[in-house]
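Multiple structures are listed underneath, in structure tokens.
Two complexes come next, and they have one chain in common, chain A, joined by chain B in the first and chain C in the second.
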Partner chain A sequence: MDTVFIKEYIPMYAKAAELTIVLGGLGIAFSLIAGLLCALIQYFRIPLFKRLVNAYIELARNTPLLVQLFFLYFGLPKAGIHFSSETCAIIGMTFLGGGYMAEAFRSGLMSVDKVQKEAALAVGLNHRQALMYVIFPQALAVSVPALCANAVFLIKETSVFSVVALADLMFVAKDLIGLYYKTQEALFMLVTAYLIILLPVSVLAAYLERRVKYAGIGN
Partner chain B sequence: MEKKEIVLELKHVRKDFGNGPVLKDISLQLHKGEVMVFIGPSGCGKSTLLRCINGLEGIQGGEILLNGKLISTENTKWSEVRQKIGMVFQSYDLFPHMTVMENILLGPVKVQGRNRKEAEQEAERLLERVGLSDKQRAFPAQLSGGQKQRAAIVRALIMKPQILLFDEVTAALDPEMVREVLDVMLELAKSGGTMMIVTHELSFAKAVADRIIFLDDGIIVESGTPEEFFTRQKTERAQRFLNTFIFREEKGGDEA
Partner chain C sequence: MPELGIRVLFMGNNLQRLFTGLWVTVRISLIAVLLSMVFGTFLGLAMTVRNPLVRVTLRIYLEFIRIMPQLVLLFLVYFGLSKAFGINLSGEVSAVLVFTLWGSAEMGDLVRGASNCVPKHQYESGAAIGLNRGQVYRYIILPQILRRLVPPAMNLTTRMIKTTSLVVMIGVVEVLKVAQQIIEGNRYTVPDSALWVYGAVLLLYFLACWPVSLFARHLEKVWKN
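Presenting the complex of A and B:
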């Protein structure tokens, strides 16, 4: 392996990694917000919105990010709507991730026994307080493993960002292979970069899962 | 008893579920300090009645009045009513992600806006009263069934409700834990608590009740003092119900 080559191109990978982390992080954050919102709409069975959310979740989860990005980057400009590459990437991630996060939150909310809500109401809490203090904390404990898995999944999905003209890690690796035929080195650095980004996320996820485990224990 | 003020009044209450009425025409008056015990076969509507009184189920006919004020309306503020009508459930339903103390403080602090320190001190007193002083920091999963139920009673008590509803609170407990919960309830009754109790423990009903209401098929079949109910039943239906229990005791022999 050509260590000189590797050293030379570390900054290029670092820059791409930064892009992955920033856009991935923003995508995850917005996905969590969108997902929670959708899950709450479903949980409270808000008419009409519930149907819209269902349709959205199916659409988001059953189409590839690649296609969603194509639509945002090449399709929308035809309708006169122009987004920058970064905006497209974040919108795409939020669209995809929101669907997955919604399902994770929803399954958590569904797992909380109905009588917990009644017990909460019986001590005088209103519906909002019952959700906030009693139902949501228990639901979150159940949802955390799925939420974390989704976060890791979304970061990996950043590897298709090159279709909207972003120099992500995958793009850099392919670029270097194309230019210098240093396939081994380029791919080695690619794998290493993803591991450096994702391993801490996984460790954090495992920590979170341990933290919330006790909350999930039944009555 | 009749001279005391009426706290809760039900007038011709009717409750329908999808497949017909569960409560047909229930009228009763609960006086301050009175302990009313509901007994009757499974599915007769006892639990549903309690759930209607604190608004967990809506009613389709009749009226429910608390301190003379109609509470069975469309725009009743149930979170206010429920502070006056506490409820303890069969399956305890403590919040599993909170310690015993946090379970108890949720209502007074978040709903009533009481000072946390003050509420904590009262919680400590109440926990001592039910014999759970050492369990303040325990999580529900670390408690026995009887302990959970006593903690749940404290959670309801700390709201200082005018009425406490007990919905088959010993039905899910191991036999040797039933007593510790019943003793707590008996003590509450003696100290003047106004209570409505649904139970299958007939000897407890006898000991605690001022009035026994025998429900069957959604109507009040008999209503009277424990003495009247257990010795001079007015209806053949109540006799038949009580006979099933007596028979069981004789068959068990040493169990009785």
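Presenting the complex of A and C:
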């Protein structure tokens, strides 16, 4: 291991890691919003939209992000729709993540007993209040493990961003291997960088999972 | 004019080439899935062992493999092994190796989860009605484990197929590479082919994964009670 080399290129990795964290964070945030919207549309069985959402979820969950990005970045410009690299990355992640998050929210909402809703309506809450104060908190507790797993999954998926010309960690590592033939050092820093990013997320996920394990009525 | 681009798919043997490319991906994932099922089962059973050293080692392996992006693992095997140990693996072999390592970890976790789910009294009642150990496993435990295991294992298969698309980054000629070749080859005659060709690749992946997902969901529903 060439420690001088490693020290010299830490800033390059730090910059790339920042890109991963920022785009990953934005992607997760938008995915959560998109997923929640889709799950609510399914939960309330809004006609027409429900079918669209179903089709979208199937498409998002059964195609790889890499191919989605190729389509967004190289395919769509031919139809006159141009996106920057960053926009492509965020749209791609939101498209993919929205499908996964929607499933996580949906299974949470489905797990709440129908009686809960009826009881909420019976004590005089309207539909919005019943959702906000009775159903959603319980659903969220059930969804949390799946949501966390999806967040980790989405951060891992950011590793393909180099195909849309973003200088992410993979790009930097490959660049250094190609330029200086310092394969071990470059890969060592790559693994370390991903561990630094992903370990805290995964620990936080495990903590949240434990916290919500006993949430729920009667425990 | 996007109407023109679609014809590139039907020119020459382009469509057939795309299917051949998809088969490269699917073949890698199928081999890896089969190997993962075998190793994953052993791994899952090994994780129920009480020996703390075995447990900790397996745990670290599992967590490391699951936390690393698969592309990083591919880079480690494809670029790292050759430099560090002089082992030169082709892109496809590296891919099979990586996806087997990853798949075994995921599969092992599924097996462990499924076998932990069988309550202890199932073993005891089996023994109480006079079955021997083998019979208890054959008639009582394994059927229950399999029912819990098959749907998530099928979902893992679709995840593998999707993740195998990454092999294009280590130089394997698969469906995305073929798509690029087709687009480049027709750059002057059909300048807007990218939209249609990448659209077709997206659809091909969807057609490869969707039936498996649907079947997994169906089995889950049927076996629920």
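Assume the second predicted complex is superposed on the first by the 216 of 219 C-alpha atoms of A that agree within 3 Å, B and C clash if a C-alpha of one lies under 4 Å from a C-alpha of the other, contacts with A are read in each partner's own complex, and residues count from 1 in each chain.
By our rule, contacts are C-beta pairs under 8 Å (C-beta built on N, C-alpha and C of every residue); 3 or more make two chains touch, one makes a residue touch a chain.
Everything numeric in this text was worked out from a predicted model, so none of it was measured.
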Which superposed partner A:Ser159 touches (first chain B, second chain C, both, neither): second
If touched residues of chain A are counted for chain B and for chain C, the larger one: C
First (chain B), second (chain C), both or neither touched by A:Glu118: first
Which of chain B and chain C A:Ser84 touches, first, second, both or neither: neither
Touching partner for A:Pro137 - first (chain B), second (chain C), both, neither: first
Contacts of A:Leu190 with chain B and chain C, given as first, second, both or neither: second
Which superposed partner A:Leu66 touches (first chain B, second chain C, both, neither): second
Contacts of A:Asn126 with chain B and chain C, given as first, second, both or neither: first
Partner chain A, residues of chain B touching it in the complex: 54-56, 78-80, 82-83, 86-87, 89, 91-97, 106-107, 110-112, 139-141, 148, 155-156, 159
Contact footprint of chain A on chain C as seen in their complex: 2, 5, 63, 67-72, 75-76, 79-80, 82-84, 158, 162-163, 165-166, 168-169, 176, 179, 183, 191-199, 201-202, 205-206, 209-210, 213
Chain B partner contacts - residues on chain A that touch it in the complex: 113, 115-116, 118-126, 129, 133-134, 137-138, 141, 214-219
Residues of chain A defined as touching chain C within the complex: 58-59, 61-64, 66-68, 70-71, 74-79, 152, 156-160, 163, 170, 173-174, 177, 181, 183-184, 187, 190-191, 194-195, 198-199, 202
